[in-house]
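First chain written, first letter: the chains are A, B and C, and each begins at residue 1.
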Amino acid sequence: MERRASFRHWWIGIAFAVPQIVLIFTFFYWPAGQAVYWSMTLQQPWGGGNIWVGFDNFRQIFADALYWNSVALSTVFALFSTVLSMGLALMLAVFVDRELTGSKIYRVVMIWPYGIAAPALALAFRFIMAPEAGFLSFVNRLWPGLWDPGLDGTDAMISVIVAFSWKYVGYDFVFFLSALQGIPKALKEAAALDGAGWLRRLWDVQLPLLTPTVFFLLVIDITESFQDSFGIVDIMTSGGPARATELMVYKIYFDGFKGLDYSGAAAQSIILMGLIVALTVLQFRFIERRVHYK
Amino acid sequence: MIERTPILNTITHVVLFVGFLASITPFVVVAIAASHDLVAVNLVPMPMLPGGHFWENLHTAWTTADLGPKLVNSFIFAGGVAAGKVLISAITAFAIVFFRFPGRQAIFWAIFITLMLPLEVRIVPTYAVAADVFEPYRTILDVTGLNGLIESIAGVRLDLKFGLLNSYAGLILPLVATATGTFLYRQFFLTIPDELVEAAKMDGAGPIRFFVDVLLPLSRNNVAALATIMFLWAWNQYLWPLLVTTEPSHATAVTELKQLIPNVGGIPEWNIAMAGTLIVMTPTLVVVVAMQRWFVRGLISTEK
Amino acid sequence: MADISLRKVAKSYGKTSVVEALDLDIHSGEFIVVLGPSGCGKSTLLRMIAGLEEISGGEIAIEDRVVDRLEPRERGCAMVFQNYALYPHMTVADNIGYSLKVAGVPKAERRARIEKVAATLALDTLLDRRPAQLSGGQRQRVAMGRAMIREPKVFLFDEPLSNLDAKLRVQMRIEIRKLHNRLAATSIFVTHDQVEAMTLADRIVVMNAGKVEQVGTPLDLWNRPASRFVAGFVGSPPMNLVEATIAADGAGVLADGTRIDLPEHRLARDAAVIVGVRAEDVRIGPAVNDPRLVLGVEFIERLGSASLVHGRLAGADFVVTAPPALAEGAPEGLALTLPVDRLHLFDAVDGRRIETDASSVEALPIAFETVAAPAL
């Protein structure tokens, strides 16, 4: 999109853009390029030279069962948390959109979880889901040994998924509700005059019009499930038990900063970047209506 | 619209109430757990009424994790990111939308691409840059041979070294270096009618006057929304502060939570942990409640 | 007060030409209306004079000073925009006084000048309001005030009335003309509304497809349209235009073979022409010696003071002004006479006016008594 009216002093324009350019070059493009370089070399931690190894790092990663473990876990995590949070959010938004008495309060409260830092809610959920004390502990009193995220990998995964979804229901809710309220009232009224009941209208009119929002949130939630999950995993499970919740970003962090394997971590970063870029491109393909960059 | 749907209305109320409970329960559990002593908090099932040790626990958590200075750090960090974003985004969007200069499209796309890759996935090299922030420029000088040139002319070898670890700049700058806010402003600036720009020109205003007198006042809503979102986003950052602040003096409240996790096999001081959690989540919760309108608006318009 | 002269002024975007080598002289204190359909380049012309648009060729001079490279603020023009372009966050007073603020005029003087302008425009009670709290007409006046306060040499109006409702438009039209008479600055007013043009202008510049079709007083345009385009654009209903060929005896032959008498001309046999006649110049009823010229009536618009009979004549759309009585019981066919001295001829190929002996006939002289105007 171009505007007709612009200013002639183009050097002022450039001067105004310089701070941002310097910032993104220093903290975005250089590191991103660096990651590519590191992923192709074997580097001694902090100095000591690099040896060019081509795609060896990638080969190594793809041969590593632990890496595939983290990919599988990330996929499971992304899938369940996205479906859970989007499903619940859509249901809540549809009901709030009916605007019965009290819907104002729901509207306000359901956004709160998104304001909470992932590590803070992780600590809260760690307590809530602790096996020996806290909110869920009575389960073990009734059926001893049934629930223990500290020992059972599946229980641990369920815990992080629930914690993450709790936060993102609020986020998705905001978007669904705003999209629902953006649907012209006249459309619902026309459908009502056509004899469609509430469920029919929901199915035939509202949900189809929500498709762009669904696609948009799908991509956002999956992307967030890669990044915002770090705090939750680190506080709740530290990737355990026995790597049962070692998601991709957590593994990058762990290999890079704990294992000091920068080349491996860089190669993993590149793969993750590729994945996220692919998702974003997909998003633009499907939701061009939402975004009008020329 | 007149509709008689008693059953549907009942279902609506029930579902929404359950949703309400699910949203609110974790907050309630945290608050209740934070008000009991060590024994009561570890009871099974957990007590459902508040106990009498609330202030005591808050105090213990506050001192154990040294939350006072950490909260100050968090405020500086989050406030810095919000302010930096609001400022940098505004001037960049102004440059992109209201000027035509060579390479404008290239700059637009260069900024746009940063939307795609969050900090978390390029964390390792970004950390390296923060540890030695002039490294990119030093490398460029070396590789291009410029440094040799400068050396031969000035007789001095440029050896720029400057680490950003354990500094506010190190915390803040990398988080400012994304396009989120720029695009929020850009979309808004594009809705400003051309005639308004032309009217300002006819009134004799140059670009900077126009920016200060017309554009900024009109952007107030966007500033509020962006500042709210960015404050929350930065406050809730975890991985980056965890890496950049190796010394406790610059640690943020959120990273400090880790200190409060009861050790496996140690004393299960959940009451203290929950009191700490409550302290850390309260500022953001207050912001969300107080700035609800801007928060929702910011979420929807930044589309992260 | 300023003379403006445009020499071979052109504007193109890439290969698309918007305004082609345009020459125009505007006299000091004149009210010029630039009239044309949308996309004809009239707004671009105005914006080039204002300095909002760079010119691709030619030269613009205001008061003998070439202003091509000058910024808008250096040209001494003020502009009223179509959508008013008021600053939404500023009060009426701040909107009107913004140019003075930019120019660094001290606050007290600024205030005094704002109040003076506001009084002229009856805005004095609204000075602390924001544009959103004003009606359309009030916003329009604020936009005028913003232009007036600078006491410019040239006023530029870019379709300033098109966003007002019909009644207000008529009212503001009169206000603008009164204001012009009082301030005696040069005004250039762009519009697509021919009624606005006819009522406001000292001279009208009719533009079409980036070119000037005709420059003249409103009555010039009415009586002697220079082209088929002007004939069809000026007047409501527009002039009827019917194709004809010239017979051996100089008469016109319509598409259906009907012969009509034409004014004296020097056209060759078989030449293709367009015959133009205004609806109100057509006489109803058969001519004494005329073959059957019959309008196939399709429908009748009743305006009250007259009725417009729409129909087809020799395959072309045709309108006739009839007395209101005709409204009742409309006939299917209406015999017509085309008065020879009221016919206009245009070249069928390039649309230019063909001079005939009827061309010299100006408006019918109307006798009226001069009465002393009452003292105001």
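Operating definition for what follows: a contact is a pair of C-beta atoms (placed from the backbone, for glycine too) under 8 Å apart; a residue touches a chain by one contact, two chains touch by 3 or more.
As the structure is a prediction and not an experimental result, all values here were calculated from the model.
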item	value
Topology of the chain contact graph, where touching chains are joined (line, ring, star, complete, other)	line
Comparison of B-C and A-B (more C-beta pairs in contact)	A-B
Rounded Å distance between chain A and chain C, as computed from the means of their C-alpha atoms	61
For chain A paired with chain B, centre-to-centre distance based on mean C-alpha positions, whole Å	16
Centre-to-centre distance between chain C and chain B (centres being mean Cα positions), rounded to whole Å	58
Residue list for chain B, restricted to those that touch at least two other chains	195, 198, 201
Where chain A touches two or more other chains, by residue	5
Interface hub residues of chain C, defined as touching at least two other chains	52, 71
For the chain B and chain C complex, residues of the former touching the latter	193, 195-196, 198-205, 209, 213-214, 217-218, 220
Chain B contact footprint on chain C (complex, rising order)	47, 50-52, 71-73, 77-79, 81-89, 98-99, 102-103, 146
Contact footprint of chain B on chain A as seen in their complex	1, 3-7, 9-17, 19-21, 23-32, 34-35, 38, 88, 91-92, 95-96, 98, 100, 102-103, 105-106, 108-121, 123-128, 130, 132-135, 137-138, 140-141, 150, 166, 169-171, 174-175, 178, 188-189, 192, 198, 216, 220, 223, 226-227, 230-231, 234-235, 249, 252-253, 256-257, 262, 265-266, 269, 272-273, 276-277, 280, 290, 293
Chain B residues within the chain A interface of the complex	1, 3, 5, 8-9, 12-13, 15-16, 19-20, 22-27, 29-30, 33, 41-46, 88-89, 91-92, 94-102, 104, 107, 110-112, 114-130, 133, 135-136, 173-174, 176-179, 182, 190, 194-195, 197-198, 201, 206-208, 210, 232, 235-236, 238-239, 243, 254-255, 257-258, 260-261, 264, 268, 270, 273-274, 276-277, 280-281, 284-285, 287-289, 292, 295-296, 299-300, 303-304
